[in-house]
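Following this message is one structure expressed as structure tokens.
Naming follows writing order (A, B and C), and every chain is counted from residue 1.
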Amino acid sequence: MSKLLQTKGLGIQFGGLKAVDEFNFEIDKGDLYGLIGPNGAGKTTVFNLLTGVYKPTSGRIIYKGGSLVNKSPTAITQMGIARTFQNIRLFKNMTVLDNVKVGLHHSHPYNLATAIFRFLPSFSKSEAAMDEEARSLLRVFDLEEFADDKAVNLPYGQQRKLEIARALATAPQLLLLDEPAAGMNPAETEELMATIKMVREKFSVAILLIEHDMRLVMGICEKIAVLNFGTVLAFGTPEEIKNNPDVIAAYLGEEE
Amino acid sequence: MVKKILKSKTLGGFGLCIAVFIILNVLMMTKVLNSYWRGVAIVCCINIILAVSLNLATGYLGQLTLGHAGFMSVGAYTSAILSIHLGLKTSQSPVIFILCLLAGAIMATLIGLLIGIPILRLRGDYLCIATLAFNEIIRVVFVNLEITNGSKGLIGIPYMTNFLYVYIFMAITIYVVYALVNSRHGRAIISIREDEIASELAGIPVTYYKILAFVVSAFFAGLAGGLYAHYMTIIMPSTFDYNKSVEILVMVVLGGMGSLPGSIIAALLLTLIPELLIQFSQYRMLIYAIVLIAAMILKGSGAGERILSKLPFRKTKRIEVSGNE
Amino acid sequence: MEFINQIINGLSTGSMYALVAIGYTMVYGIAKMINFAHGEIIMVGSYIAYVCLAFYGLPIPAAIIISMALTACLGIVTEKVAYKPLRGKGSLDILITAIGVSYLLQNIFLLLFSSSGRTFPNIIPAGNVNVGGLSATYITVITLVVTFICTGLLLLFINKTKIGKAMRAVSEDRQAAQLMGININTTISLTFAIGSGLGAIAGIIYGCKFSLINPYIGAMLGIKAFIAAVMGGIGSVPGAMAGGLMLGVAESLTISYISSDFSDAVVFGILIFVLLVKPAGLFGKNVREKV
């Protein structure tokens, strides 16, 4: 039985620079993995490759037995890989509720005619279903009270949560979180750890997260991949990673 | 609850629409509004169709386009040539008239599709100038075609457009754009304006929706063109140059990007102001220019927002963008 | 030979477009706005020179300097009055304001000089320069020479002087430049002044070339120059130069070998073609959005 997602020899070059090279990785249903590495190691680039934002220059991405290479970001998202962004990218001037509804777009495919004949019951039925689903997602993240506020007016921590809610609205099987704890204080990070665990259980989704906060990564990830100069330096349990001399060298710099 | 709100809003708009029509019609019948002002009312409705439809592409989708007059001219010429050849002048058949209008609108849609597919991947100012270029190319083509009678203009178009027609088509335009933007399709369109990449990664087929919004916008521009041609009875390519596109864009921006009431009011004001200034004919464009600059600066300073926020129609949640930075 | 002559003519017209395009491109680079009124500034420059020469009988150099100085001032004033209050409000609002300014200037000059054209004084004698079978009118040659001198000086100014460095810094990152102690307002004013001053030269050249000016000349000239700027990659001075020259040559060849009716369509067609192949113009950097 093949894994949920596998990459083989994945790589991308910008000009002559190999941003990611020979990236071999796999994650299965329900796993919670971390992707760490020094700044500029290519972590976000890996996310961009997995979600189709960048086209790989070498290697393969196999998702549920099929190739993802040359699939559009839209198609990949609809196939069940969702993500958040390092620098939050919400639809700022849309309401919190509408942000989530955009994520629900492809799972409620009523057509243009239904939209135009909005006075017919099929429209209100579809919209009501979307509304209910979006609200229940917001409820999970304690965001329902903000449903009608513009996303831009939410406090920072709430914006991060809304981004996760929007990603979950696309009904993913694999969720990629890009530095979810960035800019959070220890208490907020603690809360986020609980949220991430809860998301995995409740939505039975595999999660791969990029994070610099070692407490979070070591605390919740089952396995961790360490990326350095675009290649996987080490892959293993938090315990193994902590004691891996290569990793320590990459992070602290080698003594000459 | 959702159902109720949706219904009441649609019904409210419908009621308002009928009320305004009855009032205007009574004013016209009692000759309070003479035939001159009836003409102005027709032009107002045409401009509202143009502004509301451009708002879909520019305000909601967030793509700065300067080719709306081009689509308008395609609709105008197509419908006019058809109606002349079908002998509409003698038959005066409303069915044929409406079919001609639809043919014009569909032709504009096809041209929109043809232009939209390659150029909608351009961004911001580049898209703006490319659409302007297409606008001018369309104009040059009409100048050089024989069937359009070149720069001398197409004459003898049957006079068919009356207030009832424009008003109904205007209402349909407003309704369709409203229904579109307040649906899952509209949310997809608005999300593209807000953040194209995030939209793609939320599973929105961005290219499809970009083209959809652009093409629907072109359809109604073509419709407005047909109505215009059968009101003026003579059309010239120079009427539809980029200045006309600019005029429509001004209405959209002044009214507020992504605001339907804003577009309607701005289209009304910018059509009426020059009419009201008609006795100062030589100064009227000067005054228009000053009003435009002052309005934009006031709007930028937030004064307009504060005044408008007091008005009841602004209570609806309203989405505004500042354009492409 | 005929072909080469047409190319020379095209280069000459193109260099006039280039002068105007440089104004667009500089303002865009620094103020991040399309100054839609730039075409009208050129028209104003042309009229000021006309008034100096025809009404007051001033010597040619004086007329040129006065025209450049006054249009430079006009550029600064429009920026301060109309654009500055909207700075940071999004480029679309400024675009519409610029359109308003363009209408305003056009209508002021319509009131002052009426829509009928004025004959621009003959400041460059008619006659041809003949070199080995090639012949070009004086104005053609002078236009080319003037444009190349102006562009050369401008590039030197931007690349070699301290103020030029400040301008480049502002165009790169306005906030960072401000934090480095660069006065943004002065830099923007200066940019408008230079762009408008160059526009005045273009206006005078237009007058000499076509010997008839009216308040509408700025509109089409402005659009074409803007297209040249976009084609070259807006924000890049060499790009504006290249775009202008390309446009001029394309126009000249279309008029002489295809039809003058289609010259505008060909120009716009080339623009669309260039943009489809290089979406950020010939010299523009295609900045990939960071995700």
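Keep in mind that, in the parts below, a contact is a pair of C-beta atoms (placed from the backbone, for glycine too) under 8 Å apart; a residue touches a chain by one contact, two chains touch by 3 or more.
Every value quoted in this text rests on a predicted model; they were computed, and no experiment measured them.
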Result of counting contacting C-beta pairs for A-C and B-C, higher pair: B-C
Chain whose Cα centroid lies at the greatest distance from that of chain C: A
Chain ID, smallest distance between chain and overall C-alpha centroids: B
Rounded Å distance between chain A and chain B, as computed from the means of their C-alpha atoms: 41
Approximate Å spacing (C-alpha centroids) for the pair chain B, chain C: 32
Whole-Å gap between the CA centroids of chain A and chain C: 48
Residues within chain A bordering two or more other chains: 53, 85
Sequence positions of chain C contacting 2 or more other chains: 291
Multi-chain contact residues (two or more partners), chain B: 197, 321
Residues on chain C engaged by chain B in the complex (per definition of touch): 28, 32, 34, 82, 85-86, 89-93, 95-97, 99-101, 103-104, 106-108, 110-111, 219, 223, 226-227, 230, 234, 261-262, 264-265, 268-269, 271-272, 275-276, 279-281, 289, 291
Chain C contact footprint on chain B (complex, rising order): 64, 118-119, 121-126, 128-130, 132-134, 136-137, 140-141, 143-144, 197, 242-243, 246, 249-250, 253-254, 257, 282-283, 285-286, 288-290, 292-293, 296-297, 299-301, 321-325
Chain A residues within the chain B interface of the complex: 51, 53, 72-74, 77-78, 82-83, 85, 89-95, 98, 101-106, 108, 110, 112, 114-119, 123-124, 126-128, 130-131, 148, 166-167, 169-170
Interface residues, chain C side, partner chain A - complex: 291
Residue ranges of chain B in contact with chain A within the complex: 2-3, 6-7, 10, 176, 179-180, 182-188, 190-191, 194-195, 197-206, 317, 319-321
